[in-house]
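These notes are about the structure you will find just below.
First chain written, first letter: the chains are A, B, C and D, and each begins at residue 1.
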């Protein structure tokens, strides 16, 4: 059952040291504010799961919160490398990072299977490539009807899913629209969840009969954090701050500049800065 | 003939490979530029699909990421990512997949995973993302990459997505029904697979480019087809449309800077 | 690529004797008009696939179009038996009917797998029940990660899918909303398809970003047949004619009354009667 | 005490079994009436889900079919049927599944498939629909059925959905983690499974009903619990709400007649 909490309370009560955590968002609706709160609360030994780890995972890794990353594409989209991720893999800084690597198809299917309560996902994939040689969790099954060999991976069943969405109603039902990625599956596959939203409304009002809505009883905590996806975007609220993604490349390249930025912008801030980021972005666009 | 840069020639040549009736799974970066150039010139009916779930998108500016809001708001509809990979990609609905990569070998296998050993990489690259299954599920694959000895290598450290594997009928032996890479467009020339060996073979050289330049930027001894064309230079219209979309994109992405 | 055809042309060019045909619709948007056209064109030896065969399949079976039925629930919803279906199974009239019977979960998963291009569907089902004893196409696989036995059925790959939807645009893209059932999956799993629609519009106009839309290039023929789902319903256009479902029980109970009704209402009519049915229903409701 | 019919007692008793916090997968017919009665009386927060894909629906009139438009237009949202069976039912999100059936045995296994041999049935029933997986995937199962010797049988011709199988720990032996049928509400009484044998055992008898009546309408020797309650008669409020919803339903379904 969804509880309305502050972000600090939500992370406090739901995310534990050593948890597997899926903070999902496919370019759109990435839960940056929640990620910062996890960093501020100094969670340790996390296994982070995500198809497209980008800046927020770079930050969590660089701040030493993460023991293991389960992923399929780790980069700064359209810009280049994630320097903190690379530093952890290549140099073990600030600590070694174990990697469980998949393709997007495998990750998407693994979330889908988790949401569907299955132990495995079956799909046609990994043909002629090297990932199965380095990831022992990629196996195969034989179709009993055709004899075809199909790839199989374990379903994702994270301890915690964290997503950002556009709106919640007063009951705690949550609505998403636009590029919805694997967020619904991430929440439905997880044991616990935190959803940050742009706003809480009295009523969703007239809406598409097939709108993407997560009922309140599928959710853990619901937290209003306006701007909480910044520098990613929330369709209908604010655009992606592409300039910040480009700027991140320079910030994260060196350990010292990274740490200084984290201190100023995360450790010594609270979630309320996100609303200001979004306002600033909208003011510039206008 | 208009003045143009090698990168513009590459994008234009790649765009021309796409047909009006194609359903194209578009990778980010140069594949996205080429696909949208095709849509804005000779292939207005082309269906562009991005792995973020946007179907039949018609962006006015090029996306910086695979999931920019512009892709969604101009799409016919947007589906979830599991649906995209299950019903649309694995469902075999894409006539073309358009990929780039960090490294390629002469059979058009791609590496975007690691340079060096997997467990102790010299360079940790972003990883495969959608590429492994794009490469196997789309009807055929177009690849667009600038040539250099660092990226066109004799042996890949890691096979992220399969091209023609070890060549010959390797794909068929693995049960793949799709064609694999049929075109590799670079800033110097166009490669296509040899009908027998499936080695990528130069079939067209961009205007003014020499075989020596190609050799200097390729990590294996390059093969040439019996008949080699000279790639038609970009037309004034192609260049205008490409430069306009890049200018719109720069304005849009820079506006918050 | 979708072609705009008349209903007669669409059935003529797309549905062949001996085809497997999935005419889907889960109470909502059942393609009755298309079914009537198939009967008028005297298609034979069809294998009909559907989760919930109801009146239109009762009619196809009673008119001798069908050799085999693949299904999970065959009844007149809320009313009772399908008498023509029962007469075919129990008495072989007008011809014997082979039955391949599944659960809803199996059927839904089989369509999903067909749409996903897989040879099989894997799910947790059929535990402790008798259907696997009488349906040899129900098999099991073992999860290579957990050892759990899971049910497996072949994916549905019908020759033809036939559905009814609310709207098409001029390109032939088709939009559905409301109870969308397995119609999208049926179309995407099929080799060919016919979609009848309430209306063809210049443009869908502003719509939910995640609206259920089938792109034109996934479809065979698109046919405007206003009222084409009657006596089922089209959300936003007309309600279900529950009274007709109740009346069907009496019509279909005896062979003679069934045949008389089919002659008067199907064989000697065309698809234009469906618009009149919908108008009459709306007039009564008003 | 208000005057009421046995069918009303049955529906009211079944409705009372539902809790405000339940997420209930609702079968059509009597389960639907009982579930909506619960929602309109003591359990306004209950989440009702129909297999047509409607989640948290609040119909004003009872649906005739599992997919009436009323279910969709009053729902929180409506998902596709594959999603309903994968994410919602198989995903283990339902606390209760509410079923009816044509035949039941003493372990609450249900038959809705055939009377007589499967290959040459005397009566071909509609089939299982969602029941096989509802019975295994929901946290627990409530069954509502009017009692008669034709429907409460010693041996089923066909097991469409599993109750307690052969009794005892049969469900657990098959790997099921859900409880199976915990309540069978009839027009005469309420059965619950014996803690050991899992045989359905009478725990409450409706007012005015005799054990002889129960025996006359059951195809096996009925067991009774040590302590047997008398079911509380329907309250005036329960009856009023139930009759109002039935009246609204009759008007709505009859209006096009």
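Here is the rule we go by: contacts are C-beta pairs under 8 Å (C-beta built on N, C-alpha and C of every residue); 3 or more make two chains touch, one makes a residue touch a chain.
The structure displayed is predicted, hence computed values, not measured ones.
Q: According to the touch definition, list the chains common to the neighbour sets of chain A and chain C.
A: B, D
Q: Between A-B and A-D, which chain pair is linked by the larger number of C-beta contacts?
A: Higher contact count goes to A-B.
Q: Quick one: chain C and chain D, Cα centre-to-centre, how many Å?
A: The separation of the two C-alpha centroids amounts to 28 Å.
Q: For chain B and chain C, let me know how many angstrom lie between their CA-based centres, rounded off.
A: 41
Q: Please output the residue numbers of chain D that touch at least 2 other chains, ranges allowed.
A: Residues 72-73, 78, 86, 90, 137.
Q: Would you mind listing the residues of chain A that make contact with two or more other chains?
A: 112, 116-118, 123-124, 148, 178, 180, 184-185, 209-212, 235
Q: Given the complex with chain A, which residues does chain D contribute to the contact?
A: Going by the criterion above, the answer is residues 21, 23, 47, 55-56, 72-73, 75-79, 86-87, 90-93, 137.
Q: What residues on chain A touch chain C, complex-wise?
A: These residues of chain A touch chain C: 116-120, 122-124, 137, 139-146, 148, 150, 152, 154, 177-178, 180, 207-212, 235.
Q: Enumerate the contact residues on chain C facing chain B in the complex.
A: Of all residues in chain C, those touching chain B are 1, 112, 115-118, 173, 185, 188, 209-213, 215, 217-218.
Q: Spell out the residues on chain D that touch chain C in their complex, using ranges where they run on.
A: Chain D reaches chain C through residues 28-29, 51-54, 63-69, 71-73, 78, 80-82, 84-86, 89-90, 113, 118-119, 121-133, 136-137, 158-162, 165, 170-171, 174-176, 253-257.
Q: In their shared complex, at which residues does chain A touch chain B?
A: Checking each residue of chain A against chain B gives 26-28, 51-52, 71-75, 77-79, 81-82, 85-86, 89-90, 101, 103-105, 108-109, 111-112, 123-131, 134, 148-149, 178-182, 184-185, 212, 233, 235, 239-246, 281, 284-285.
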